[in-house]
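Below is the structure I would like to discuss, written out as structure tokens.
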Amino acid sequence: MFEPVILVTALINGLMFGAIYALVALGLTLIYGVLHIINFAHGALLMLAMYAVYFLFNLLGIDPYLALLLVIPSFFVLGYLLYRGIIGKLAHGQDQNILLITLGLSVIFENAALFFFKADTQTLNLDYAYEMIEIGPALVTLPKLISFGASIVIGLALWLLMAKTDLGKAIRAVAKERVGARLMGINVDHIFAVSYGIGIACLGAAACLLMPSFYVTPTIGHVFVIIAFTIVVLGGMGSFIGALVGGFIIGITESFGGLFLGESLGQIGIPLIFVLILLFRPTGLFGVKA
Amino acid sequence: MLEVSGISKSFGGLQAVSEASLKVSEGSIVSLIGPNGAGKTTLFAIISGFLKADSGTVNLYGDALGGLKPFQVCQMGMVRTFQITQPFAKLSILENIMIGAYARIQNPEDAAQEAYKVAEHVGIRVPLESSAADLNVAGRKRLELARALATQPKILLLDEVMAGLNPTEVEEILKVIREIRNSGITIFLIEHVMQAVMSLSDYTYVLNNGRLIASGTPKQVAADPQVIEAYLGQGASKLNQNPAIDA
Amino acid sequence: MNFQKPSWMILGTLILVLLPWILFSEFLISFAVIVLYSATIGHSWNILGGYAGQFSFGSVLFFGTGAYTSSVLQMNFGINPWIGLIAGILMGALVGAFVGFLSFRFGLRGSYFALITLAFAEAFRIIANTVEFTGAGMGIYIPLDQHPLNFQFEGRTGFYYVILALFLIATAITLKLENSRFGSRLKAIRENEDAAEALGINTFRLKMQAIMISGGIGASGGTFYAQYYLYIDPSIAYGVDKSVEMLLVSIIGGMGTVMGPFIGSLVLHLINEISRHFINAPGLSLVVYGVILVLIIGFLPKGLTGAFQSQKKVKRA
């Protein structure tokens, strides 16, 4: 029905976006794995990061890929402060409170963005945005390729952080056993905030990689909330591999969905997968049964 | 009236309960004891419908309970309390007990009346309008008991109802439990407080590592060398010939 | 002061009934309409979330179903919107039953339940955006034909009395719930579902009943909206914003209380009007809402009504 070129292009596009989605989901699954909270502010924070990239480019002329160096650390700090100052303090440890507080934060961020930036769609006008690279029979835009590579690199860096560094060990200790970790002298509150910060830093990275090929409006977070949650649930809450594999699966689903079902109905794949996983395999592909 | 036969349950590779069989006759107080981790609460959970057994049957008055959900088990007349109390924290003590009463009673006024009655029997002394969250441990245990009683059960499963109580409180609860039995309700309880087990039970079962290792009157069981070893370790039965144990 | 005493309720109802005669301006009556409308859909969330403890992040599902049902019946089949209202309420309850059956049968609770409701709402939005008979992305315009029999009124007063009726019905349902066996057992499920099961409560059946009631009430708000604004589209009918509004008014006003949704709605719309007076820009009032939500969760978890009631609490050891 479709020519191989189209199919392969869709596949590659799916993988490219999938890699970025995976990055977004990595942050979410890290936050869930360590803090056991479902961060409803995830989409809104990604949106803020994307605006940051937009303004860095339009006001200061900083290329989005260079902006990685600025956005990642600053969003880490933002995440850290958000947790330390607001989420950690106000939730009183109750699950449903955290749900609502992160929801409240998303309402605040989205509407603040609406207020300050208006509802217009914004994109970056990069010189090299439309340079095409040949991959097999398909043509892919340069930014997508760079983003794909960058997200793999960042994903690997994150894995190294978690597996090889002392900080990573502390984080994993806290994720496994809070009380024990505290008894070992680990400052649990600090680790919680660091973990949240890392999760948000992932969003900063994802924003830099997304903006060259995408757009931003104040409500763009909604789209990503569903995508990110679907990936995390599909891959298994708290599982890194799950977030990566899930990201690719969802990216490809979205791509082929659009191809075969059209722009509108094509989006149904994601909430459908979400519902099916929640009903039939809530622990996801790689998740551990509680 | 309650017949448990050949119940086995494993979690992953761990055999929690293995071929457990016991009987609780109507109007008696039967206790289930054993060291920590023996599988007592798992057995309770299976009997009351919270867990499904891998094999075996549970019969109440001859009716099989296997596969029934907990609320159905309650409707059939068997209700359990929880080891770690589960009060409806944001509700008043009165409403907590009324919710138990609603298992049989439709009308709120009648439910409230029943709640007051039950609260008095069980010995709750604080005003019933106060919040359940304000109760201390003994109060919560009494609330747990009251709530279960309000469902007008035929048999009551008590899971470590004495845990966390001081000796005076234990005495009080013992009295209450005896009164409950005298009013015609059968009692099956898991307990660690030996004083309670000895003075209350007509019959005792001992569970260790998921298996029933002894049964009989409390006195018989206390003298059983296997039981002594289960609690105190191998060889302990030879050390102490005195049958009155304090676990 | 306990505003939930019968005397206050009767007084309040009387004032609300007479309100259009007391307020002379159309503007104020419009405001009253909006407040009552938000409170009504707030009641929908409140019954499922506040009383039964099942937090839904996709309650817009019911709203949108009501709106589309009456509108589609009207535009595609020429069916009178009043009948459409009844049909919408039934469809809302049905959708509730559908989502509830799947979610509760598969044992979804807490955050997982919240997430699946979000997913369902999104799925419905995508379908509404695609399918012909809902007008796809263009939505549905209802032609102006102001006649009470058409569920359209000249001026605001007619609409006011309709939404007042819907609001009073929803409030009455909640009030009945508060003092009944059904309501207490719902609260038991909210507080501790396992303990509730142990006490003979068929939690599945009760949660289904709660979600169906929630569905019907939410749908009534949807039909009203469609007739009031004469336009709906997929993002209005099934977008996240409505879900957030429905839960915001309940939580800020006080979830699990009868007056919560009304108080929450009144406060939020007052803030909206006031902030619009000073800076007329979209988003500002919702920023304030969000801040209030966060503050309420942090410092006043019982919401605004709870803040008044806790004065009476007596602490006992």
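Per-chain residue numbering starts at 1, and chain names A, B and C are given in the order in which the chains are listed.
What we mean here is this: contacts are C-beta pairs under 8 Å (C-beta built on N, C-alpha and C of every residue); 3 or more make two chains touch, one makes a residue touch a chain.
On a predicted model such as this, the values are computed, not experimentally measured, just so you know.
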Chain pair that, of all pairs, has the most C-beta pairs in contact: A-C
Chain nearest the global centroid, as defined over all protein CA atoms shown: C
Centroid spacing, where centroids are CA-atom means, of subunit A and subunit C in whole angstrom: 32
Where subunit A and subunit B are represented by their mean Cα positions, the distance between them in whole Å: 49
Subunit B-subunit C separation of Cα centroids, rounded to whole Å: 43
Residues of subunit B defined as touching subunit C within the complex: 48, 50, 69-71, 74-75, 79-82, 86-91, 95, 98-100, 102-103, 105-108, 111, 126-127, 130-131, 134, 136, 147-148, 151
Contacting residues of subunit A [partner subunit C, same complex]: 38, 40, 86, 89-92, 95-97, 99-101, 103-115, 119, 218, 222, 225-226, 229-230, 233, 262, 264-265, 267-268, 270-272, 274-275, 278-280, 282
For the subunit C and subunit A complex, residues of the former touching the latter: 55, 57, 102, 106, 108, 110-112, 114-116, 118-120, 122-123, 126-127, 129-130, 136-137, 239-240, 244, 247-248, 251, 281-287, 289-291, 293-295, 297-299, 301
Complex contacts: residues of subunit C adjacent to subunit B: 179-181, 184-185, 187-188, 191-192, 194-203, 313-317
